[in-house]
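Take a look at these structures.
Below are two complexes that have chain A in common, paired first with chain B and then with chain C.
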Partner chain A sequence: MAAIETFYDVIRRQGVTRRSFTKFCSLTAASLGMGPIGAAKIANALETKERTPVIWMHGLECTCCSESFIRSAHPLVKDVVLSMISLDYDDTIMAAAGHQAEAILQETKEKYKGKYILAVEGNPPLNEGGMFCIDGGKPFVEKLKWMADDAMAIIAWGACASWGCVQAAKPNPTQATPIDKVIHDKPIIKVPGCPPIAEVMTGVVTYITTFGRLPELDRQGRPNMFYSQRIHDKCYRRPHFDAGQFVEQWDDESARKGHCLYKMGCKGPTTYNACSTVRWNGGVSFPIQSGHGCIGCSEEGFWDKGPFYERLTNIHQFGVEKNADEIGLAAAGVVGAAVATHAAATAVKRIVSKNNDHSA
Partner chain B sequence: MTRLLVGPFNRVEGDLEVSLDIEDDAVASARVTTPLYRGFEQILIGRPAADALAIAPRICGICSVSQSLAAATALRALYGVAPARNGIIAANLAHAAENMADHLTHFYIFFMPDFARAQYAGRSWHDATTRRFKAIEGAAANEALQARRRLLEIMGILAGKWPHSLAFQPGGTTCAVDLGQKAQLVAIARDFRRFLESAVFAAPLEAPLGLKTPQELERFCEGRGADGDFAAFCRIARALDLENLGRAANPLMSYGAYRDETGAFLNAGVFDPVASALSPLDARAIREDVSHAYMRDGPEEPSLARTEPFVDKPNAYSFAKAPRFHGRPTEVGALARLAVHGHPLVRALLERSRGSNVFVRVVARLIELAMVAEAAESWAKALALNEPFCVVAPHDGDGEGVGLVEAARGSLGHWLGAQKGKIRAYQIIAPTTWNFSPRDASGVAGPVEQALVGAPLEGHGASAASVQHVIRSFDPCMVCTAH
Partner chain C sequence: MTDISRIDVADSHGEKVVAQPTVYVYEAPVRLWHWVNALAILVLIITGYLIGSPLPTVAGEASQHFVMGYIRFAHFAAGQIMAVGFLLRGYWAFMGNEHSRQIYYVPVWRASFWKELAHEIRWYAFLEKAPMKYVGHNPLAQTAMFVMYTLMSAFMIITGFALYSEGEGADSWEAKLFGWVFYIWPNSQEVHTWHHLGMYVIVTFILIHIYAAVREDIMSRQSIISSMISGERHFKDGA
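Coming up: the complex of A and B.
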């Protein structure tokens, strides 16, 4: 049997030291909530398993997901993960160009049939035969379907790939369409947010490339480990919400005291994301901490849920709590997409681990 | 004559395609295509005016603060509100962080790796350049990414999150900085300065900031700053004669950068590099020509213009419109800002070349980096913690508001019209729309299309490095271009 190439081989070739590698494994295990045994598991997998190639493609988008990704808190995490994915294809940072780059896609497709991860930033516009996003002379939607055919699974980065995002806002001039409405026969993991938090992105990539399968997902296809709680649940301003202390104007006395931003239009109570725990830009802050409410950028349809500067009216201050799945199911029912959502969920289940790794 | 198609481009924000007509192994004429369109100007119509603050920044994940500030400035004009002084300083500081991050990314991740290409193997500088700058593997990229990440913690402090920050409002910024945060801002600005002084210039910032003539620049690169990446670039530029590559002689325009109540840190204006003449900026002279864009005809004034795609339009080849100033294609960016501001070194390099070129574009970007890094520290110190960061602004107002700012890549304008508090019209002209403009009705090519003419291919066809150098010297941001 020919020697297989592991991630560890690749990382070593990139000049990452053993010590750094071990550190990386423990950091990742911690960020995924896998506990002390997790680090050894990750190390073992990276040292012994054949590496999982990642192809990173850009459709109709603003590159904010890539921007977020390359600023992961721990430089080491970024370096290692970057060397994992950049080996193959990413048109923002890679070295190859033009036909050479297209050849890499073809080669990966053949050599790693059914084994590679397709990470998609942005989405395909379907109006005018896909004319609004032409990549290498062809509509992006064709390239997307072509690469998806032989992929093991697809990562839908950000609000664009997951839900459509601002370019799908009314009247959606280009008919920008989320990935799961175009690709029906592959497991898709949605990592929503505009953009998603860097640490969430690296966590997801590392989990999948390490274990060769998707982490546990909720009914909307999002990884539970990062999207099972509302911003509101872990918001450091929550006591002020409960106490009825609210900011009424930007930078008023209540604002200086860090009171709740609900009356300024904050959508934290209806938004599932990890901003209030993981935070942004190296764990420094998140929108609410900067004195502005959450606009719910990881929620489906957030772009058409304005005005953004008026108060939410449908929140029960001390009402019954709902979890992401319940709200997701209700949403699916309302838009009449229950069948499609369900089909996608079933496909995903096939490669989702039965053993709950991160709670072990 | 043969025709070559270059693209898809790597290391470019968004998609770009360039079609080249080749004669005698050199570019005879070029057409630049922006193949990506989302329709922000259509999407914004009918929404509450203030919602532009949440929607418009999402045009671009690279320069989202610039987009936010253009929208906030347009709303300011519409509401007739004067923002809090602290809010202006905080916004300038965040804007500086984003712009400096962009310049750094451009130099280390997008531009320099092309000199590590196999095409240059055998040149005396190739091995060292490859070790330092090769895409993914080079040592410099990692150092730069770390410095950049640290720099952007400014964004965390002032804006909560980046890209797509929400803190920038017509009345100022929503984040009232406290003493601890102010200390952190100063420390981050100093760390960034240290990175510039160790890796980029290999000398205290005063040295590059004091360069006034091409001769001084040359001496700096051979002497005091010889170990820096800036000097490495200058030496390569001399070896490859980048001063004679990517030449263009269009007017250079700046809307004025980092304004406060006393004026702009870098002045507004238009500089003609051929006549060496400076004139004031008259934004009313801006028009958008759609003769070669996949757009329906309509009024050319930005405040009246519509954006309606028409993909079967004959003769069209780009989703980008063709902006013109007094009817002429106009170059924007760091070079234009420093030329307008009167930077002696930049003016001298422009005069020597009778226009812009690859070399002076990159030099201007790095000199501006040093200037803004120095200023950023003083801005952080100027925050007066007991004074307001945001004043109360009305949330309705009818009429028009124009927001003109300078993004890293050049002049960015938002033209907003509102009726009964709702957006009636919205028109955006981004920096890369100016530089990567298609031809206009008189057949005059855009700045990059002009700059590509004459680029030698040296038998490498579509993969010739010269073409990459010219295009990247403008630092394209294609997602902004047609939006």
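Coming up: the complex of A and C.
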């Protein structure tokens, strides 16, 4: 029997040095918050365990997840992880094309049955038999189910695969549907964001391929290591929130002073993501640091939740678009007026019946 | 919702009282709870509104102020008081008198309930000359209390603690007990909106509640407001 192929073999073959490999292990261990022995654990796993193939498929999406992924901050991480995963199938960045590419899928299904990772960017539209997204001559939803059948686990990249994103915005004519509503019998990890942060993506891929299992997930199926806290919990403008110092207008004094963007509709208080800690573009900045509120891009339904620039969410259920204060005050106003009228009627009736009593 | 004509009103010597009967309705724990709860809810409404639409920016360094911090603290503190009160009041429903259970159910299975409810509605619509007399709540009040107070309070406590758990972290007891709310609304923005709308149901309840209490006190010839202070219900025109 031929010796099993490990990730280490592959990485070395791709020209990555031993030194770079150990550096990569330390970096990854640190970004996953694994503690001092984490690096050794990762190195050991990559050197001894059979490599886990990654199949990366694209449904209805804008490719922002791929764009983010290939810009992972540390060039080392990018090189290693790309060489780790580009081996198999990613129709956007792979060399093979056409029948040759499709043959890889069949081969992986057979050779690595139950062992490969299926990473999905985008989602399948279900309307009209799935014909709104045709991939390799077949509706994407069929290809997705077919590849999911023999996968070990599925990574749902970004807001599209996790929640639906803008292609699922009301009234969702193509019936774009998140992965976990289509595939029910496989472990699914959601890595939401539009796009997710590059370091979060490489961290998740490395963890799963290295240890052959999903990291600890939260209630919504997101990895705890990156999604257990809100933007608001670690936002550097939080002291201004607690103090009560808000930007009220984009060009006011508070905006210049960098006060909290809550009143400008910042969704940081309801958004779980790592932006305020990991940040973007190699830790350079993130939206709030650039003076714009969080739009909640990693949250369910963020595209349908009313204006990005208002604190209170619009409610559609009542026919007209109004926020909770407008609806509530209107209701309380109507009741208040009714109470006042009733009180007046009561007073009149009392006077009238008193008069009647006298005359009787 | 016992009809006054159906109970025997007796004094401590077991003798029938002839005129101006008095019944002990609201026991001390209920009265104490009522006013603590009313105060807590008042604080919750004011601070809750200010969480949704904060006060204007304060000048100076962030380290000199804690405006939003105090507002949120007051909200959470009052919220905890309200929640504990809710639990204790629930416990008293088992320990207290018959009236202590009234706000926890609506006796829809009783034909007399519907008849009396209709009578009460007609009384409020000025179609009846006089209201029926009740020792506890009248059927309309009982229905309003159950839906707009008991159910809504439970809703506010559940959604409130779910929101609170977000700050406390996924391993907090709040998250363990109330985190399931996020199965219903995966985006907590939605929970904020429902929690906010819930406030207006309670505001509406309070408007009606205080008006009805004052009106009944004047109109119905039985004590209402003082009942919630002394616990005793006086019937001003005899039984």
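Convention: the second predicted complex is superposed on the first by the 309 of 360 C-alpha atoms of A that agree within 3 Å, B and C clash if a C-alpha of one lies under 4 Å from a C-alpha of the other, contacts with A are read in each partner's own complex, and residues count from 1 in each chain.
Going forward, a contact is a pair of C-beta atoms (placed from the backbone, for glycine too) under 8 Å apart; a residue touches a chain by one contact, two chains touch by 3 or more.
Remember, it's a predicted structure, so these values are computed and weren't measured experimentally.
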Report for A:A176: first if it touches chain B alone, second if chain C alone, otherwise both or neither.
first
In the superposed model, which partner reaches more residues of chain A, chain B or chain C?
B
Touched partner set for A:G35, first chain B, second chain C, both or neither
neither
Could you look at A:T270 and tell me whether it touches chain B, chain C, both or neither (first, second, both, neither)?
second
Partner chain in contact with A:Q220 - chain B first, chain C second, else both or neither:
second
Please work out whether A:E299 is in contact with chain B alone, chain C alone, both, or neither, and reply first, second, both or neither.
second
Pick out the shared contact residues on chain A: the ones touching chain B in one complex and chain C in the other.
none
Across the complex, what residues on chain B touch chain A?
5-15, 17, 35-40, 42-43, 47-48, 50-51, 53-55, 58-62, 64, 84, 109, 113, 134-137, 142, 145-146, 148-150, 152-153, 155-167, 169, 171-176, 309, 311, 319, 388-392, 395, 462-463, 468, 479
For the complex, which residues does chain A have touching chain C?
163, 218-220, 224, 228-230, 233, 239-246, 248, 254, 259, 262-263, 267, 270, 296, 299-302, 305, 311-313, 315, 324-325, 327-329, 331-332, 335-336, 339, 342-343, 345-346, 349-350
In their complex, what parts of chain A are in touch with chain B?
14, 58, 60-68, 70-72, 75, 78-79, 82-83, 86, 91-98, 100-102, 125, 128, 131-137, 165-167, 169-174, 176, 194-195, 249-251, 255-256, 275, 279-282, 284-293, 295, 297, 303, 306-309
Per the contact definition, I'd like the list of chain C residues that touch chain A in the complex.
49, 52-58, 62-69, 71, 124, 126, 166-167, 169-170, 179, 182-183, 186-190, 192-193, 196-197, 199-200, 203-204, 207-208, 211, 215, 219
